[in-house]
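The structure under discussion appears below in the form of structure tokens.
Labels for the chains are A, B, C and D, by order of writing; each one numbers its residues from 1.
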């Protein structure tokens, strides 16, 4: 049971009255304004909308509306064969589709009892980390942009583009890579790829240093983001918060460390945590994780076996029947715990695939809770700082 | 020719020059901003095309009479501001309708446009407009304080309320500029210029992310074109005013172009490197340090001159 | 006005299948049954086709329109992700005179970023109608052409041009920024040639479009024309 | 203890990290099935009346504080809906999927307005001002307040245990027609708008037929069954390969 938030300090009405129920949020009283932020709004990430009740400049009520991007993925996957689903799953999450590809492939492999070659594991880890890097770069631009700092967004999105170029070279796709398939990966690294990755990493590191200088040391950025959207430690479990949002509150949980998948147990890294749990700390945690990601990519390239198989021989995939069973696999994406719950019923089609995106709780329950009490100007910044992504919610 | 007709003709010519300079300056600064961001940026003449396109939109929606009057007031504010500022010291063509108390009138005109806009935008009935208007007016009241203080300091320093006389007092080398004779007034004034220009960090009024895009949410087609035209004039009018008050005015057109350009670059450089304040934060900002500096300028002017 | 019959665009030739008889029925404007006092809240003005100017003036206007494309900042689908690289320094659409605007009133180009779910389609229609004539639509991705990946989905439309007029389709999943720039150049050609008359087409075939929209959007709780 | 071992896994429940937990819950609740899928994941099946007590017990006493997801699997051939509550224990770093089989319900029944059906103090307290929309956001609210969507079957709500459970339950009401009395905003639309057909995630809903009926398929699109199409094009003479 979560507490009635005592942090609401509306501008005009007496907050105490609101809390003990004497004052109700009644739009006819002319003390409140209802505005919609989204879906057609530059301050909303993705395509969703917030129904906000304002009292003065303070938000006193917030409802999220999702479903603008509902494509019925889970239904479509039930009508497609296992192998036909693999180009479909990556479309669930546009900024970092590789987590979908990996989790779907891994779930199918676990149910079918397939072992993948060692080198494929490293290549998978490489793409996952590169996806993390690209996603964080994009996010950083979004966070700065939501406070009006367009310059950072211009720089980071361009650097993300360099990472996308690497993806293009590796897989042929800029946004949707369809690189990780059940049984391994689709293609091996091109000749000289590691050097080109290193070039991009050097550029990204330089950029990160600049961002540290002009974003994290900027007094206006601090004034806007410090104290914004504080997630109390005690509601972390209540709201199912994972990823950097939880780590910024000082909770050291990272699936890469706790429950290592792929090759993460062979890599050297530590869990980044913060203290204050506000937007600034979350941005800082993500900035540090971006650096960590750069480091992890270097480690992966260095430790990866130089030769080897990249794909297990599969049976004829069009006649491929997966034995009945169910499993849930999870991975640490940029926003938190990404999971696939796959139920097989012994036919060539999955019985049920349920995608658990971290935004499911961050963008709905948590945002509704945190938006109440903030200034209307900060809602966009708050939403970005939770790193929500609507298509994970509605699929 | 009747002198007043001639003066009107001259004022119209100077307004035309200023309009073009405003549009080109907008293009140039956008390109400079783009360079900082690693881009090429819009063509320098993009402002003209945008305005032409907007005048050529086929339909427009009205929300009542005040909605029409909003942009008209805004243009009246912009043109009025410029009309009473002598743009180039000693030039007949660019002297406009200057008179003995013009700095007071100009101060009024700087804010007149926003008030008119507030009425028009309120009429549109869009909640974003209303929020933008309340933000705009609140912030305007805040940056008016340091600006008014620095103007008072100048009046005390030069014992005049005429812009021409203030400029005249600053002639004879740059050490006579207010910048060097009363730096406090200049600092307070330039900070409030940042607020007036509505670039970062004081751009929350027209911010796209924090409720798009403030007062002009509902303005479109020719209304918007009118606002854009005004923006070009008003930007330069403000810059010319500040140039006259603090930076010794200009005696040639080239001096005017260079000084307004350099002054605008201050805004641009601050703009590209800062996020924006929330409106309450910007009010607090203006009422603290710049106001104290403005007071210091007044005290300084009274004590020294 | 209540007896408005459906006008079909001449270029429409595909045979009507079983589910599509609904298109043929007459539609009524939503506020017809309302009392006089409430009617103005629910505007029933139909869009009017506006005749272009004559000769050189229209050519000049079209030149200006082609070089000042203001796109509506409404990321309707996953295609919106490629708009960011397009806006930023790698591809920099600003140099072609293309700028984003946050409100539909001020924008002239609507980019439909990929699949349109039914819920989004409703907002697309509203936003599109709020834009001022002339307005242009660029549809990204295979999903707007024939459903693409989601051709059998219960919640995404298959053909965007049945709901709003589309000027340029950019195929791909998803189209690269270069493809978008090519699409914009194509759009500029269309505008310069005076063929970007989507808004007039919409006004002339209003009933057909409305019937199609109402077939999909089940809870129609808005005026027929949301200007 | 393990009634059925994992279908693919070689791990039994006794060997897995969940052994202690399983002993504990087996002592208190009647499990109809329990098996380990792998070392860190197990599945148990309980009856409907035991489900919420078991979940509450696991959350409060056994450290399963993280609700990963709630979902449903439509087992149409047996006439049941299997709800799966996936809980996770951060300390053990292991998860348990609690499966509950409820009747599928083939005909929709109109259920009473949520909140009235189970207006207990508990369910009320779980919501907060501004979120139990209908009481607080009185006028002009964009919700289907007062109109309840038809439901096919019913399950007890767990919205008081986790905040995000309400969202999952809203989704399941829309996608499967499972009603959760008392859950906040349960009647609000989640992803669909104005949906009149049977809930789309149920197996008997044919999305292709719906799409063809509702939308306008562009003429010229061909669809092939990949199995036959590949065989025709690549190895027309060979016999159909045996299934894997």
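We take it that a contact is a pair of C-beta atoms (placed from the backbone, for glycine too) under 8 Å apart; a residue touches a chain by one contact, two chains touch by 3 or more.
Just so it is clear, the model here is predicted, and its values are computed rather than measured.
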item: Partner chains that chain C and chain D have in common; value: A
item: Chain nearest the overall C-alpha centroid of the shown protein atoms; value: A
item: Longest centre-to-centre distance from chain B, chain (CA-based); value: D
item: Most heavily contacting chain pair (counted by C-beta pairs in contact); value: A-D
item: CA centroid of chain A to CA centroid of chain B, Å; value: 43
item: Chain centre separation in whole Å, for chain C relative to chain A (CA means); value: 31
item: Where chain B and chain D are represented by their mean Cα positions, the distance between them in whole Å; value: 60
item: Whole-Å gap between the CA centroids of chain B and chain C; value: 38
item: Contacts with two or more other chains, residues of chain C listed in rising order; value: 73, 88-89, 102, 119, 152-156
item: Set of chain B residues in contact with two or more other chains; value: 37-39, 128, 208, 212
item: Multi-chain contact sites of chain A, meaning residues that touch two or more partners; value: 34, 41-42, 67, 70, 72, 75-76, 79, 154-155, 158
item: Chain contact graph, described as a line, ring, star, complete graph or other shape; value: other
item: Pairwise chain contacts under the document criterion; value: A-B, A-C, A-D, B-C, C-D
item: Interfacial residue positions of chain B with respect to chain C in the complex; value: 30, 34, 37-43, 46, 49-50, 52-53, 56-61, 128, 208, 212-213, 216-221, 224
item: In the complex with chain A, residue positions of chain B that touch it; value: 36-39, 127-128, 130-131, 200-201, 203-204, 207-212, 272-281
item: Residue ranges of chain A touching chain B (in the complex, touch as defined); value: 33-35, 37, 41-43, 57, 144-151, 154-155, 158, 214, 218, 220-221, 223-224, 375-381
item: Touching residues on chain A, where the partner in the complex is chain C; value: 39-42, 46-47, 67-72, 75-76, 79, 87-88, 91, 94-95, 138, 141, 153-155, 157-158, 160-161, 164, 174-176, 391
item: Chain C - residues contacting chain B, complex; value: 50, 60-61, 64-65, 67-68, 70, 73, 88-89, 92, 94-95, 97, 99, 101-103, 105-106, 108, 132-134, 199, 227
